[in-house]
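The following pair of complexes shares a single chain, subunit A, combined with subunit B in the former and subunit C in the latter.
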Partner chain A sequence: MIRTFAICSIMLALISCQQEIKPLPYIGDRTDIDGSMLEHDIRPFEFVNQLGSTIKNKDVDGKIYITDFFFISCPTICPRVKKQMLRLYSKVKNNEDVILLSHTIDPKRDTVEAMKIYADNLGIDHNKWWFLTGDKDQLLDIADDYFVAAYEDDEAPGGFDHSGKIILIDKEGRIRSFCDGTDPDSVDKMMKDIDQLIATYE
Partner chain B sequence: MRFSYIIIALLTSLTLSCDRMENTEYSQLYDEVMEIHDDVMPKMRDIHKAKKQIKKLKNTELNEEISQQITSLDAADEAMMSWMANFKKPKMENMADNITYLKEQKESITQVRDVMLNTIEEAETFIKNNQ
Partner chain C sequence: MSNNLTIILVFCSILLYGIFALYSCAQEPFVQGKRIYEVNCGNCHMSDGHGLGDMYPDITKSDYFTSKKTDLICLIRHGKKGSVMESVIMPANKELTEVGINNLVNYLNYTWGDGSISKLDDVKTALANCQKD
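So, the complex of A and B:
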């Protein structure tokens, strides 16, 4: 009896150890081409940040990034997500491998100037957290890229912009985790995922 | 003397209950406005989806109709975006003004909802008929 218990305990311990070191999964569509499985990709993009600089895929290459969609005048969900994004910002602000990207879905009103004021009011480092604006269709297309993946196993109603989702992208541009930005517990889990992802590059 | 106390007490409780009724109406109206908004907001995704599908239609004879559909979809999107940009939870001193504002906003978001739903329906029918 004692021996069985001991064996079970060791097995359990081994399983939990394995889970500790298990890398984060890849999230999103896997296209079968020539028999090989591809991870979900983010299409090429070109946006402008709150400083007026052009931001393309190459500018986030080799960076882990945390991303969401917002708009300044958003009446319901965005203020709650903003609070959680600020928590994530505080967590990673001293790690130069990690940046934050918030895309507006209201480029007509969220101009470079408006976003600069918005970012100034948040008191954040403009080189650490970019607020991106650009062509609306392109912004929505990129939202589809991020959220198609995140919605795969999520039947929750709500559009991409009202989902309050926050997505974690690795240094190779692959989606590794997402959370509900309106729920602090879900964001706590994301914080652990960020640590886990950073650890895989060390 | 005692009679005037009773009158004052009655008036005070009447005023208080009126305030309470106005506060309840205010919260109810605000929730209703938000509910209409929250219900239809996910449809913004359908606008984008329909727009993409319409752009893929190749028939050159349809060019004019295609651009009309796209204009309508953009206008429906803009109707919601500008409503959101203009809407503020009212915090005026006079509760009656807040209630008037919310009643207007309820009407306005209802119109936005109808425009969005009709435009999406028309666009989806157009796609179905021309694929």
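So, the complex of A and C:
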């Protein structure tokens, strides 16, 4: 009997054997500026959130943030991604160092007022999760910096084609992880990455 | 000692067999309907039917699957304007066949409704009488 238990425990231990935790990678190409290698970062931007406040890079400086691209009238994957963003929101709700940003790629229809109604109906805290709108070219361009495909396409449902990626950015504005926002398992992994990233600042 | 081991082994086998049997027999009915749901509905109402905030309604307790079944067929075909905001609508599904709608309705009734079975003729009659706006 005792032997059976011993064998069982050894096997269990083997199965659950923890992998060594590697630091999160920096995603994107480094650039060589005057001999010092700089990590890929996010270009300067200026958008407006659902409360009508201007949001620039400096407003996310020193914050970990989680971001995605969507548009309100999107008939395809966006609501699924938002559901996963809501899960992430619930996770980090009480952590002051983490915020969420959702960029629209359809600023013509997704005005500040529309974004406010949308956010209200998700039931979220307007100071914790910003819904950003603004100049369309700027919004589509910055998607490139986050390695998100987003472009206008009359053939696509709703008029835009884009990926359902969710991206994790560290306090220095560098991309550290991303996941598929339509896949809850992929988002589970992102949750671990968020914990790991938070821990590096403690 | 060896006696105990035998008991454990026998117990494990029964357990494994049970799990295996469960997996192979419990095939869900209305697989076609489920597939249509995932493609045409699940993005907004989610696979579990719970929707998203107050934006896309939770349909798991919807009376469209109990007392408003005829309306359900028209809702699927013709969609509905959103009441929360203009750009959030329930889209029409012009490309679904009558058989497809019937499969979908059966899946919905089975999963969240009263479990009643819809017949192709019910779908045809309902579609012929939809109020278009």
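Please note the rule applied: the second predicted complex is superposed on the first by the 162 of 202 C-alpha atoms of A that agree within 3 Å, B and C clash if a C-alpha of one lies under 4 Å from a C-alpha of the other, contacts with A are read in each partner's own complex, and residues count from 1 in each chain.
Criterion: contacts are C-beta pairs under 8 Å (C-beta built on N, C-alpha and C of every residue); 3 or more make two chains touch, one makes a residue touch a chain.
The model shown is predicted, which means the values in this text are computed figures rather than measured ones.
Asks: Should A:K108 be classified as contacting the first partner (subunit B), the second (subunit C), both, or neither?
Replies: Once the two structures are laid over each other on A, A:K108 reaches subunit B alone.
Asks: State whether subunit B or subunit C is in contact with more residues of subunit A in the superposed arrangement.
Replies: C
Asks: Which partner chains sit in contact with A:K171 here, subunit B, subunit C, both or neither? Use first/second/both/neither.
Replies: Neither partner.
Asks: May I ask you to decide whether A:K63 touches subunit B, subunit C, both, or neither, giving the answer as first, second, both or neither?
Replies: A:K63: touches no partner chain.
Asks: Identify the partner contact of A:D137: answer first if only subunit B is touched, second if only subunit C is, both if each is, neither if none is.
Replies: A:D137: touches subunit B, not subunit C.
Asks: Tell me which partner A:K91 touches in the superposition: subunit B (first), subunit C (second), both or neither.
Replies: Neither: A:K91 stays clear of subunit B and subunit C.
Asks: Touching A:L122, do we find subunit B (first), subunit C (second), both, or neither?
Replies: second
Asks: So in the superposed three-chain picture, is A:K82 touching just subunit B, just subunit C, both, or none of them (first/second/both/neither)?
Replies: It touches subunit C, and subunit B stays clear.
Asks: Which subunit A residues are contacted by subunit C in one complex and by subunit B in the other?
Replies: Residues common to the subunit A contacts of subunit C and of subunit B are 73, 75-76, 109, listed in rising order.
Asks: Report the residues of subunit A in contact with subunit C in the complex, numbered from low to high.
Replies: On the subunit A side, the touching residues are 1, 3-4, 72-73, 75-80, 82-83, 86, 109-110, 114, 117-118, 121-123.
Asks: What residues of subunit A sit close enough to touch subunit B in their complex?
Replies: By the definition above, subunit A touches subunit B via 71, 73-76, 106, 108-109, 137, 140, 144, 157-162.
Asks: Spell out the residues on subunit B that touch subunit A in their complex, using ranges where they run on.
Replies: Contacts found on subunit B: 34, 37-38, 41-45, 48, 51, 78, 81, 84-87, 89.
Asks: Touching residues of subunit C toward subunit A in the complex: what are they?
Replies: Interface residues on the subunit C side: 1, 4-5, 8, 42-44, 46, 52-56, 84-85, 87-89, 91.
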